[in-house]
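Two complexes, one shared chain (chain A), two partners (chain B, chain C).
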Partner chain A sequence: MIPEEIVRSPSWYESSARNRIAGVLDADTFHEILGPAERVMSPHLELFDLPPAFDDGVIVGRGQLDGKPVAIIAQEGQFMGGTFAEVSGAKIVGLLRAVTAAAGTPDGVSAVLLLLDTGGVRLQEANAGELAVSETVRALLGVRAAGIPVVALVGGRAGAFGGGGIVTACCSHVVISEQGRISVTGPEVIETNKGAEEFDSRDRALVWRVTGGRSRVLLGGADSYVKGDVASFRAAAARSRNAAPPFTLETMAAEQERLEKRLSSYGDCRDTPEIWARAGLADPASVPDIDDDAFLALLSEREIKHDAR
Partner chain B sequence: MTPVELLTRLFPSGHEVVAGPFNTLAGRAILTDGAAVEVVGVTDGAPLSPEIATELAGRIIRIVQDGKKTPIVLLIDTASQRMTRRDEMLGLNEYLAHLAKVVTLAGLSGHRTVAVLYGAAAAGAFIATALAAQTLITIDGAHPSVMDLPSIARVTKLPLQLLEKKAETTPIFAPGVTPLAATGAVLENWSEADNFSNRLETALTLEASSDTRDTLGEERGGRKVAYSVALRVAAEFEKAAR
Partner chain C sequence: METFTIRAQARASLPGTGRQAIVGVVASGNLEVLLERSETGDAVVVDVTTSARGFRAVWEAVVADFIARSSPGGVRFSIHDNGARPDTVTLRLLQGVKLLETQP
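Right, the complex of A and B next:
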């Protein structure tokens, strides 16, 4: 039998970036900025005989969530892996800077929603993409410093890899589903550089144990775990914007302590079930296999929330 | 250039910068006018690990907590982020982001932040260190990159020779100081003959509260559209609010 919530709401993983936006925002409130009609495209893909996209794989704009204004950014993982590049990155950076400039004015928004679906930097535009990630980090932290939470939603096919993993962890709050993956160097790249003994990228269960949503939320690398449907992501986005930590020295000192503690507690572990056993989980081997309801019940017993991001 | 030579040339009036754990260094230095700066760094092309990131970030947090708004100079010779299953399992993305956040917070809190890249920096490690400072300076012999061309060839499935040929016509993807400077990542490159302490002291006086790397990339012709696209988005955002 298909679970009821999946009948009600489409899968985040299967949805396009545009459909995710439509499902997250209040109906008919999305106002796209520099949409496909404007044809703001990558000037570099032609050099590689690659077809450009009218939106360069990033959709940005304003809308409402539960009646309150928000800014929204969505990467389309199906176009060039949702990569950060000159144009796609500038759209993100421009929106974030505008949000900061409008903070505290009638044009201000209550939150920024960042729908990540990215392999990281677009290598055909490596330098522009790398800078776009760095500019995104700075602009995003500017938004947080202005008192506006930035909520990351991770559950797309491309995950949040490379610079996308760094950007995710710069957000105030990270929402993830079982299919969401967060990492810096992808398993294939580690395998290419260090061999299959270091990381066998074809071992799907291993890849998920290392980078997947359940491991991330158990370790504190994500803050809210949701079922993989669009409505659950929307509900989590609405909830979390009210409970996000500010970007302050105190928060960073708390994060320092949190990350040092993780290193000293689990730095010698070889696999995530080892971490979970040490953290006191009754049946660590079962974590990947139980259903979402059981996993959510397990999370609610454990109180792993922190305000150190 | 070794860290010892670099420190001597940057701070002829003296410094107390010493080696720390995990190929890091840290300590106070004195400018020629007697003003103090804080130095933190990574040496020997060490791949950026969670241990290095927490060591550097912890040091910078204590500098900000000190409340004196002392300028911070980051001396960088790293590699890529460390590529191990263990580090990814432990959430390396959070460690790199934490370092980038702490460096950025220092800048927002009134500390002038200048990175001097005297060796390598690549991929996520480049973002978390040198690119997180308000100003990036490179020294002759520095080799920043996103990814080396053979690896780009592998991932994009393009022949290496073709990539090398294309790299001659555009700075958009090739590794090295010159293409990265053209896109706006690097404010200035110092050559062997330059007076490093004079140049550093001049760089420390520059106003750096906003991120102008995209305007620099436009002026230099290496990133022609990023700035104008960002401006258009910002203008439309205002209109969309009405």
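Right, the complex of A and C next:
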């Protein structure tokens, strides 16, 4: 039997992209665009003798969150590592452009929810994937410029790596759980290029200590920290939709200043406990070990907030 | 990769009114099944695309067992498989018809 608390509050990390959408939106409000039955699939995978997916690993559509319309995009991290590719990328870019075009009309949405779960570009169609990432960044900034917040939800198995890390950093607000990871160059790639002395990708504690949700929210790479259940992500998405900063030159200048300050304060640190010690946390080594309630208490009592974005 | 189609007759058509459903993910050792109520009468069609070559006889046995258990007449199953074991395939097929039956 599945324990009762798991039935009641399914884990974001364990859920499929479709189940995350169902859990984030109001019940029965999701309308998918280019759903699986339309069979808009990767034309490239067959050349590599790989089975495709009916939705190419990305689900896009509209729905409601607390009664207000939202656009939603979810990557399925378990299919090909949740990758940016030709078809999946076009679905993301198309939806973002449609949101911008509909801004201020009766079809306008209150926010875009971006459920990232990706290792980055799909290597089998890498050129198209790289283009998809840059087009996504441009389209996403277009949505923000139209006054619509884009909220990233990161807590899947694949994390948000490569282009996914860049896209995350462009969002208005980033929600993350302990299991969530954000970075550009993945641990294995760093190790391959620079050696295990630089970064040992098999050291799971190190990987999460550096790229994981707790370190990201402490340093301002993410804005909201949630427990890893689907309901917490839903609540944070609804809250942060209203807390997003305006996409203005002032915000960009403040963001640049924030990042410069972070680099000058901690740029020479070799590992995250050094950063927490310098930031004045009482027991820096315990940060990865305390439970979620204790970590949330730590965040609120120290009033850790990173504005700009 | 290998692609083939299995055709069969069910005892009865699948109850419910759901038009289509999808279950599973094309992850390693897993599969996705798209169900569409598109066949006439009690016919069943199973389109299989699988990364594992040479297992057609096993697929036919799994599908025959599934049809005997659930009688999904009128449904087309389109499968993308990434090396799932037979028990996982049975589980996904059963999940799929349950979803289609209970959908509004």
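Here is the rule we use: the second predicted complex is superposed on the first by the 302 of 309 C-alpha atoms of A that agree within 3 Å, B and C clash if a C-alpha of one lies under 4 Å from a C-alpha of the other, contacts with A are read in each partner's own complex, and residues count from 1 in each chain.
Going forward, contacts are C-beta pairs under 8 Å (C-beta built on N, C-alpha and C of every residue); 3 or more make two chains touch, one makes a residue touch a chain.
Here the structure is a predicted model, which is why all the values come from computation and not from measurement.
K.L.:
For A:F79, is the partner it touches chain B (first), chain C (second), both, or none of the two (neither)?
P.N.:
In the superposition, A:F79 touches chain C alone.
K.L.:
Who does A:Y225 touch here: chain B (first), chain C (second), both, or neither?
P.N.:
Neither partner.
K.L.:
Go through the superposed model and pick first if A:P52 touches only chain B, second if only chain C, both, or neither.
P.N.:
The second partner, chain C, only.
K.L.:
Comparing chain C with chain B, which touches more residues belonging to chain A?
P.N.:
The partner making contact with more of chain A's residues is B.
K.L.:
Does the superposition put A:F295 against chain B (first), chain C (second), both, or neither?
P.N.:
After superposing on A, A:F295 lies clear of both chain B and chain C.
K.L.:
So, A:K91: does it touch chain B (first), chain C (second), both, or neither?
P.N.:
first
K.L.:
Considering only touches as defined above, state whether A:R18 meets chain B (first), chain C (second), both or neither.
P.N.:
In the superposition, A:R18 contacts chain C only.
K.L.:
Show me the residue ranges of chain C that touch chain A in the complex, using the header's touch definition.
P.N.:
Listed in rising order, the residues are 1, 20, 22, 25-27, 30, 32, 34, 36, 49-51, 78, 80-82.
K.L.:
Considering only the defined contacts, which chain A positions touch chain B in the complex?
P.N.:
Interface residues on the chain A side: 31, 33-34, 40, 43-44, 47-48, 60-62, 69, 71, 86-87, 89-91, 93-95, 97-99, 101-102, 106-107, 121, 123-135, 137-139, 141-142, 145, 160, 162-163, 165-170, 182-185, 187, 189-190, 192-194, 198-199, 209-211, 215-216, 219-221, 247-249, 252-253, 255-256, 259-260, 262-263, 266-267, 269-272, 275.
K.L.:
Within the complex, which stretch of chain B touches chain A?
P.N.:
Where chain B meets chain A, its residues are 50-51, 53-54, 57-58, 61, 64-65, 80-81, 83-86, 88-98, 100-102, 104-105, 108-109, 123-124, 126-128, 131-132, 146-147, 151-152, 154-156, 158, 166, 169-175, 179-180, 183-185, 211, 213-214, 217, 222-227, 229-234, 236-238, 240-242.
K.L.:
Taking the complex as given, what residues does chain A use to touch chain C?
P.N.:
16-18, 36-37, 46, 49-54, 76, 78-80
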